[in-house]
Every structure is written in structure tokens, then in C-alpha cells.
Amino acid sequence: MTSSIGRHRWLVALFVVLAIVGAACGSGDDTTTTAAGTSDTTVAATDTTEATTDTTEATTDTTEAMDSEPIVVGASLPLSGDKSEPGTAAKEGYEVWEAMINEAGGLLGRPVELVIVDNASDQNTASTDYEKLITVDEVDFVVGPFSSFLVIPTSEVAARYGYAFIEPAGGAPDVFNRGLTNLFFAQPAPGSEQADPFADYILSLPADQQPATFAIVSQDDPFTLGVMDRLKGFLTEAGVELVFDEVYAPETTDFSSIAIQVADLDPDLIVGGTVFDDSVAQIRAYQDAGYQPRAAFFTTGPSLPGPFREALGDATEGVFAAISWFPAAPGFQNAEFVAKYVEMFGGDEADIPEDAANAFTVGQVLAQGVENVGAVDNAALIEELHKGTYETIVGPLSFDEVGRPQGTFMVLQWQGGSFVITDPGDRRQADPIWPKPAW
Amino acid sequence: MLLQLQNVVAGYLKTVDVLQGLSLQVEEAEIVCLIGPNGAGKSTVLRTISGLLTPSKGSVVFDGQDISGVRPDLVLQHGVAHVPQGHSSFPEMSLLENLLMGAYTVSDKALVNRRLEAVYELFPWFRDRAKQRAGNLSGGQQKLLEIGRALMLEPRMMLLDEPSLGLDPKKSHTVFDTISRLRDETGITVLMVEQNARSGLGISDRGYVLELGRERLERSASELLDDPRVAQLYLGGGIDDTLQA
Amino acid sequence: MSRVGTFLKQYWMFVALGFLLVYPLIWRAPYYHVLGFNTLIVATAATGWNILGGYTGYKSLGHSTFFGINAYLVAITANELGWNPLWSAPLLALGVTVVALVLGWIMARAKGSAFVIATIAMLLIFRLLALNVKSVTGGAPGLSQPLAPWSPEYSRMPFYYYMLFWLVIALLVSAYIRRSRFGLGLLAIRDDEGKANMVGVNTTLSKVLAFGVSAYFIALGGGIWSYAQTHIAPIFAFSILNDVDTVLATMLGGLGTLWGPVLGAFILIPGSDYILFNFGASQFHLAVFGVLMVVIILFLPRGILPSLRDRLAARRETSSAFTGASTMEDLSDSQPRGEVPGREAPAP
Amino acid sequence: MLIQVAVIGLLTGGVYAVMVSGLTLIFGVMKIINIAHAAFMVLSAYLAYWLFSGLGIDPILSMIGIVPLFFFIGKVTQRRVLSPVGDDPGLLVLLTFALAITLEGVLGSISGSTFRTVRTGYTSSIIPVELSSDLTLRLPVVRLTGFVASFVVLGVLWLILNRSGLGRAIRATIQNAEAAQLVGVNIARVRSTTFGIGLASVAIGGALFSLIFSFNGSSHLDWISKMLAIIVLGGLGSLPGALIAALILGVAEAVSAVTMTSYISPIVFYLILFLTLVFRPQGLMGAKVREG
């Protein structure tokens, strides 16, 4: 008696648990399937079945259509963990896009619904998230996560199911050299080309002003190292001497030793391959060490105006960085984006993170691509994206065969408590200050 | 009767009781020795009295008051001091600090000093080595220090767990001598567990033989020393005991 | 008791296995196969970890070192030599086990907290090596490897069944060890290492072997994970969060029991995925996870299986209607003594 | 240049000493490795940051409020959360880890993930010390403040431990918990008070931390391994050991970053930690490690 009850209870417990898990997952499955208009619950719906259903819906008139089934766009973002800073900004960018497109009547006349999940900055979770978004929630489109780390494995998942994969932030060389044709990087240029316009500017200086020496202090990150490699090539080829080249681990927080070494060598130009908090830590360490370069460039950090200024105060003056977007940029729908962002998330427009703008760009590219295709059809969308040119807040974008964008970044410099665009010349807001004032 | 244990059940795990209904009593100013094989629960008896363990059944009554399950620091206030097995001095503290720790619960400084003098009188060499680190004392000296520390509270009763453990015969002789002398000079009651049954019983008035968590035999110390069964089982010395167990 | 009950009582293991075998066919979306695969990896790792952490009482927080090493070995041999991970993963895991035996032999000297921190240090060292030896590991960006050859629609199903097979093997090994003399020696070490030594258990050898066996199943999972993931990077391959999953699954289900680690994994992994997916819109899910963990440790410190058994044992004691042998022991496959390490005896 | 680097390292080491003093003390008394220690430090840093950015209170001043608060939190946490669990080191490590990620989650939910740091008027001030005509040391004021504060904190801790009844009870519990109980020390209270003191000291560490480093909710994971390394090298449970190890480590870290690549130095450093644990678990100072 005892034994049967004992075993029975145990088994019941197991089944209850499995049943709950199954039900929890299963229920989501059912509703989404219904939403997509297919009745086949056992086989993952293919794009074609969805496409036919959606095309018919798209023909109904607009007022009615706004009550129709939404077009669901899924993304997994690093909202916690290492990359939560830019991940959260990207989420805001996507949300602004969702709000704006719905106010404007939706996509193909249907409302747009975002499904954003947190991958905790973990590759494995990110991949699993996209598997779930595509095969269980059966979202109509997916858009990318944040950083090359997460883009690399997740774009493979999207490729496996034939989904287009437009992503806001993952421009390392490895992202493009795997030959995926469904991936599109929605920034003006591949990440590694970020510092190219800055190199151009340096080399355009008159010979007597050009720096003779420079130092590179970079985090070990595929994105920053990619940028550093190109910059190093340009400058050394032009005869600027690289006197110090240090790569530090991502968890490094104390730069005093590095700064003292740099101060000792006293190079004319300091280049930091940073992802944000390390740019602040580096600059503080250079201040402490008494190092005053003639120019300083950091990959990311100076482009996040609020926190950067708060952490450094007047020490920001004269610092250079590259940027794909800024609040006053002339890009398509930029003013509306800036206004909507401030409306939704508050703060000053100068505090809008670039990462939010890049995510918004993804939305713009997706929307224009889908409208051009005229249906929810990922295969057609992929083909379309390789052909067209898209108007975005970072300027017109077009993509090569592996999704590399064909544009350039801008150079910004901090002047008088905020930053201005100094290069390329056609977008210049103010002349660059050279050499930079002491920090 | 100063201390009385009745049908005490206690142990470390919920499922296994070491003491399985043990009863014993100790009279005022008596020295009582517990002997028995390993695992009989001798130390457990002391730990239950001093409050380190809470009995699940039965009662521990000291001087008419039920102290079963009372916290160790409060049992101490009743006047029961426990000197546990092995080294229990504070090795990084000086000898003096160790003694002062004995009077940790006493806030009256004058009283503490009076007691300190009394302990110095019993163990004059303490005074010379007051600044020495306790961990540097020899094993026998440490044991005497622990006894001296227990005396700082002027307890009415002292629980001693294997005071001769790890000491050579000469030193353990000194320790037993001291215990006997203490009782004679201060009238303190002693309940002691001793592996070295012959020496333990040698200074005791009475003894209990414990087996499997119960008392098997209760006799005067001299009767136990003469009992052939006890002699065969427990009087061979420490090493034999281990073999028996 | 109904006939169904009697049937379940006798064949529950096969019913559970049967369920796991048909699961991917019922839930067809590949996501469920990925979820199942991830769960099976943790269940297998936890079953292995339990041999060291549960039976022997040495709780390692750095065993994902071996997960990471094998993940890299499999990726490198697949890229450079074209080895198929399906056979290279279990084979290379044997090599990783040799490494584990050496490390275990070095660490056999450390006990208690020192052992726990030493295992964390071991993990950090290997992670830094993976980051730094760029010519072999590709550094921080990591390594990509070829996609599995089968069609995307079934992409994850083979991985699922493959891992299910290895979970069964791990359980057989764990059950065998639990019943062997070697296993008895491990339990003795957990209860009192000094005494175990005195009664003739070669404690060092036993600990080192337990260290190695547990490393094998964790390494195996790492190898297959690497293949399924197609891209690996040091911070994910050598992550203490992998250890936390493994340890938490074991403790949730029941430390030192045969089935506990499996049950724990089947609750924890789908559960945390659910939390992440549904409450993940902010860092709030971390707090939920943390509080959940605190609650489990406070209220179910011995895990689900032993707690259930206790409750039943208590009922048996109070109710005279219950007769018969104590079968709960076979259920959770554990002995009553010393299941709560550190609670058997007061600190010496 | 090496002298300048070493001096900066020494100042940083002083701050490390405050960060870890509570951790090693808690281990000594309770045999608990408090994985949440760094998370509590980040919590304190956030409080200091909020008080500074909201009310303009200097972190050094805000300690007056944060320290008693942390003492109280520590006492309650030990009583209500840690002590019911018993003394299994594995369980306790997991429990404190759970506390750490709970804190991380709560901080992340409240403040997002932006890295923060406190920038006071003296943040980038330097005190130049001229050693000789061609060697001038540049001492950053914040690090100097941290260094001085750390000695104040350690001095106070030393006084508590060696000149008070509570300190005697704490030391007695560290050296022999059972014997302490038997002379009338209320161990439960000593433990909760020690945990309180431990957190109070890390509250100070956190306030200093907020002046020197930048942090967000997830920062604690990077710091806890460094903290563990320091207290292990110093001998688990030994306060003087922790101080010496912190200073040595601060200097070694700074100097090795100059003489080796920045990757090699942490490997060497974890290797030393690993080998110390295995072959000399009593640490540098020779105090006995207590396995629990």
C-alpha cells in the first residue's frame, strides 16, 4: 500500500510538472498559430502559407485593417547582463518605431506588434529565443539582437528558417564573412570602418600639425579590435608611429597602470577601443596620470552624451568619436523619431542613445522593405533588401551581397559641453578643435 | 540531589538518537565518572546537560530547576561549566585573555578580578605565563587552563569530557590530581567522562557504565574497579577500549 | 489502489522514458526540441555532478571548466580535422576526463570552502586561457563551426535523442556507482572523511575518480552543445552560470539521490526559460530567479525527492494503516543517514 | 615610472582592504563565503551615487547614514536567511549567490544598466609629491582618500576586535566556536552582529568604490573573484592577512600590468590563488583555514 501510494504520488508529481510546462508552452503555441491564420498545429507553419493568408488580409481597407491581426515582429535583446546598457537602448528604439508606425496606419495596413524578450546577454539563450520566436510564436519577422557576439549565432538560426535578419549592432568582420545572405546591418557602414573618417581627418591635417606618434588601448572585443586594426593600418602607413598597443580584458576596471605607461611615452594621439564605461575609466586614469594628448578618439562612450558628461564633466572637451547618428542629423523621419523618443522616455533629446536610433533604423528598413514586397514574405523581403535603397534616420542605406551597408560614419567632437559633427565635410556642424584642450 | 537526568532521548540527527532514555543523578560535591565503549553516548550526555544539544524527550533537572533545552550561555548562569573534549582553549589569545573569557558573562570587574586571584591561587604558574599565547602551551597545561577558565564563573558543577585525552601518563596524573584537589578545596561537583577508566574511577566516588545510549550499571567507584566484567571490558586502557568498540 | 496505479508503480521509469521518447513528436516546433535538448544537457551534467557533489559531498562550482574544454576540442577538431562531433564529443570527453583526473588529484588536498573557491579559480584560469591563446581558440570572438548536415526542420531532433541516450547512460553509471563498493566509499567520505580513511577507503583515489567521472558527463554535454550552437566564445563556454544551473538542478531535485538531478533539471530549465521569456523585459527576472533560489534553499534544503520522502515517512509513522517495507528508499535511492551533509554532526 | 605605478597600486590596495575586511571577518566567524559581498558593495555604491546626484551629499558624508543601515540589513539577513540553513558550506555559498543575483536584479530594474560613478569637485585633483628633482609622484585625491579611509576603518575594526567584549567574543568564536559557547558567548548574536559589521564595512568600501570606479548592477561578478583571491591569499578569516594581501595584490596588479600583458597577470594571479588553496590553504599569514 505504502509503496504504491509513494510511487504513484511521485509519478503524479512528475506528470503534473510536465503537464504544466507543456500547457504553458503549448497554449502560446495555439494562440499564435490561430493568429497567423493556419490551423496546422503539428507542423511549423512555413512562410508561404502565412504569406498567402496575409496577402488576402492586406487587400482589405485600412480602417478595418487596423483592427485586423497584427504583424508580429520578434527580437531577443540583452536587457540584463553585460550588454544590458545598449540592449535597453535598442529596445527603446524598437518601441519608438512600433508606436510611430502604428500611428501612421501600420504596416501593409495591419498593426505592428513587437515581441521583445531578454536573453541576459547569453548566446545560448539568444539562439533559443529566436528558435522560439520563429517556430513556436511564429512571428512574422525577426529583427536582430545587440552586439556581434549575439548576432553571430542568432543570425544562423534565422537563416535556417529563411527569415530576413536586419540587425542594429553587430558589425564585426565575423558577422559578414560567414556568407549569410539573410543578414543586413542597419548602420551606415560595417563596424570596423567606424574610425575611417577620423583617420581621413587626421591624415588631412597639414604636415606640421599631424601627430607623429599614437597609442592604442583597446578592449578585447571583436568590434573594437576590428576598428583598431583598420585605424592602425591607415595611420602607420601614413608614417604615424604606433608607440603603445595594449589589449585589455573586458572585465578591466582600473586603468591607472596603463595610463602611467601611456603618460610616460606621451604620444600625440590616444585611441581607445572602448564600449562605454571603459572610456570613462580610461580618461579618468589619463587625468590622474597627467597625460595630455593633442587628440583623443574613443570608439563608444563619447557618443552616449548623458552618462559620458555626467561621469567626466569638462574633461569631455575636445574628445573625438565616431557616430552613425545624432539628434540633429538630417535623416529621414529623424525629427519625428527624436520627438517621439522624448515623448515616450523623457529626458533631453541630447541624451537619446545612438543604439536606440540604430534599432529604429532597423524598423525603417524593415517597414520599407515589406511595403515594397507588399506581403509578409521573408524570402521576397531578403531579395528586395539586396536591391533597394532605404531612407533612414542615418541616411540612405543599401546593402551588398552579405549585408554590409554602403555608407560612412560621422566624426563627432565634444565642444562646449555637448558634441558636434566635424566630419565628413558635408555634414560638418563646427570646425574641429586641434589640438584638444587639457582634460 | 544536584543534577538529575530522567529518560533523556537526544541525538544529532532527527532519525538517529544517541541517548535512548538515559537516567542518572549526581549528588552535591560528588565526583561521578561515566565509562563505556565508543559510541555509548558519554560525551552526548555532557553536551545535553550543557545545552549544546536539546533532548527530544526526558528532562534534565539541575538544583530543582528544569534546564533541558536551555541555551548554553543560560545553563552556564545556573552554575554548570562544561570543559569539552580535546583542545578548547582559544589558541590565538593569551592565557590571561582565556581566563577572562571564562568570566565573559560577568560584567562586574571587581568580581572578575577577585575570581582571577582565586584561580591564580589554585594554579600559581598561570600568573607567570599570563601573557603567553594559549596555543603555545603544552597539552596538559592547556587542559589545566581550560579547567581554570571554567572556574572563573565559580560554577557549582563542572562537566569534564575526557580530561586526559592525548596526555602522557605523568601529565594526566597531574590533571586528575588537580580535579581531586579542586573538589576537596572548593566543594565543586564533577561529572566526568573518561576513556582511561582506571584513573577516572580512581578519583571518583561513583561511576556509571554506559552502553548504547543507556546506563547499564551504577556502582560506587571502588565496586566498579573490582567488578571483573568492567575490568575485562574497560580497564585495559585507552587502546583496548578502541578495540572493543 | 487502482490497476493503473499498480502499473505505474512498477513501470514508472519506462513510462517516463516513453514520454521523453515521444515528446519531440508531440511538440513538433523545433523550439521544444531545443528546450528539451538544453534540459537534457543539464540533466546529464547534474547527474554527473551529483556523483562528486552529492555522493562524495564535494560541491564544485567550477566543473563547467570541462564543459568548456570539450566544447573547444570538438569545435577545433571539427574545423581542422573534419571530425564529426557526434562521435568525437564522447571520445574527446574521455581526454578531458584525463585532464580532470590530474586536476582532481591536485585538488584532492583541498576541503570544504577551500575546495569550492579552488574550483571557481580553476574555471577562471581556463576561461582566461581560452581568451588569451588566440591562435587556438580564436580569443574573445570565439570559433564558428559547420552546421549540422540535416534539414533545419528537424535540426534539433537528432541532438535531443542523442542527448537522451547519454542521459540514460549517465543514470546507469550513477546507479551502478551508487550500488558499488566504490560508491559506498564515496558516501563514507561525505559522512566523515577521516573515519572513511580509517576503515580502509582510499579516500584520495575515490575522490579523484569521482571528480573524473562527474567531469566526463559535463564535458560530453559541452562537446554536443558546441556542435548544436555552431558558435562558441569563452565567456559562454566557461561560465559559472552553467555551474549554477547544474548545482541548482541537483539541489532542487535532491542532492545525493539518483533521480533528483534529473527531476531538478526538468523543473529548472523549462522554468527559467519560462521566467526569462515572460518576465524578461527587465532585469526583474534576475530578482525573481534569486528569490526563488533563496526560497528553495530555505524551505526545501534537501531537494524535492528527499522532502517528499520525509513527508511520506512521517505519515507512515503516524498512521497505523500503513504497513509494508520502506519503499521510499528505492524510490529516491538514497539512505536516510547523512543526506544533509554537514548536519550529521556538529562542527568538531 | 614603476614607482609611480607601484604607489598608485598601493593606494588601490588600501581600498581593496576595506572591501574585503568584512568578507574575511564573516568567513572567520561563520565559515560562510559571502558571494553577495560584492553585490552589497555595489548596492552601497548606488546609494552613495543616488545621494550624491539627488541631494549633493558627498559619499564620504553619506556613509554616516549608509553604514548603520547596512549593519542592520546584515544582522537581519544573517538571522532570517542564513542561520536557518545550517552550516553546509555548499548550500551557504549557493544561498549567498542567490542573494547576489537578487540584488543585481533589483538594482538593474531600478536604475537600468548605465555605468555610474560619482564625480565630485575633487575627482580629478592631484597632489604632487616631489621626491627628487626628476621624480614627482602624482597622488590622485580620491585614491588617497580611499587609502586613508581604509586605515581608519581597519583601525576601528581592530579596536572593536581587540579592545571590546564583543571583539573578544568574536575572536573566541573564530578560534573555537564550541568553547566560546561554553563560556557563555551567545553565538547566534555574535554571528548576526559579525555579519552586520561585515556589511557595514563593505558599505564604506562601496562609498569609496563609487568615487574611484564606475559600476552598474552587474559589476559585482567581476569584483567578487578578486575579493576572494585577496582573502584567500591573506588566509581566510585573518584581518591582518587580508590587509597585507590587499596591499601586495594592489601593487602586484599595477606593476604586472606594466611589465606583462594585461591578460597574463590575471592568469598568474588566479593560478596563485588556486595553488594557495590547494597547497597552503592557511594563506600567507599562516592563520589556519577552517574547513566548514
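Note that the chains take the letters A, B, C and D in the order they are written out, and that residue 1 is the start of every chain.
One rule holds for everything that comes next: contacts are C-beta pairs under 8 Å (C-beta built on N, C-alpha and C of every residue); 3 or more make two chains touch, one makes a residue touch a chain.
This one's a predicted model, so the numbers in the text were calculated from it and none came from an experiment.
Two chain pairs, A-C and A-D, are weighed by contacting C-beta pairs, with A-C ahead. Among the remaining chains, the Cα-based centre furthest from that of subunit B is the centre of A.
With centres defined as mean CA coordinates, subunit D is found 36 Å away from subunit A. If each chain is reduced to the centroid of its CA atoms, subunit A and subunit B end up 73 Å from each other. Centre-to-centre separation of subunit B and subunit C, using mean CA positions: 47 Å. Along subunit D, residues 105, 108, 113, 178, 263, 266 each make contact with two or more other chains.
Subunit B has residues 52 in contact with two or more other chains. Among all residues of subunit C, those that touch two or more other chains are 128, 131, 282-283, 285-286, 343, 346.
On subunit A, the positions that touch subunit C within their shared complex are 1-11, 13-14, 17-18, 21-22, 24-26, 29, 42-44, 79-80, 82, 84, 91, 116-120, 122-125, 127-129, 131-132, 134-136, 148-149, 152-153, 156, 160-161, 172, 174, 178, 220-222, 249-250. Residues of subunit A that touch subunit D in their complex: 80-82, 84-85, 87-88, 220, 246-249, 251-254, 256-258, 260-261, 264, 276-277, 280-281, 284, 287-290, 307, 310-313, 315. Subunit C contributes residues 53, 59, 61, 106-107, 109-118, 120-122, 124-125, 128-129, 131-132, 244, 247-248, 251, 282-291, 293-294, 297-298, 301, 340-343, 346-347 to its touches with subunit D in the complex. Per the touch definition, subunit D reaches subunit B in the complex via residues 165, 168-169, 171-172, 175-176, 178-186.
By the touch criterion given at the top, residues 1, 4-5, 8-9, 12, 53, 105, 108, 112-117, 119, 123-124, 126, 138, 140, 143, 213-214, 216, 218-219, 222, 253-255, 257-258, 261-263, 266 of subunit D touch subunit A in their complex.
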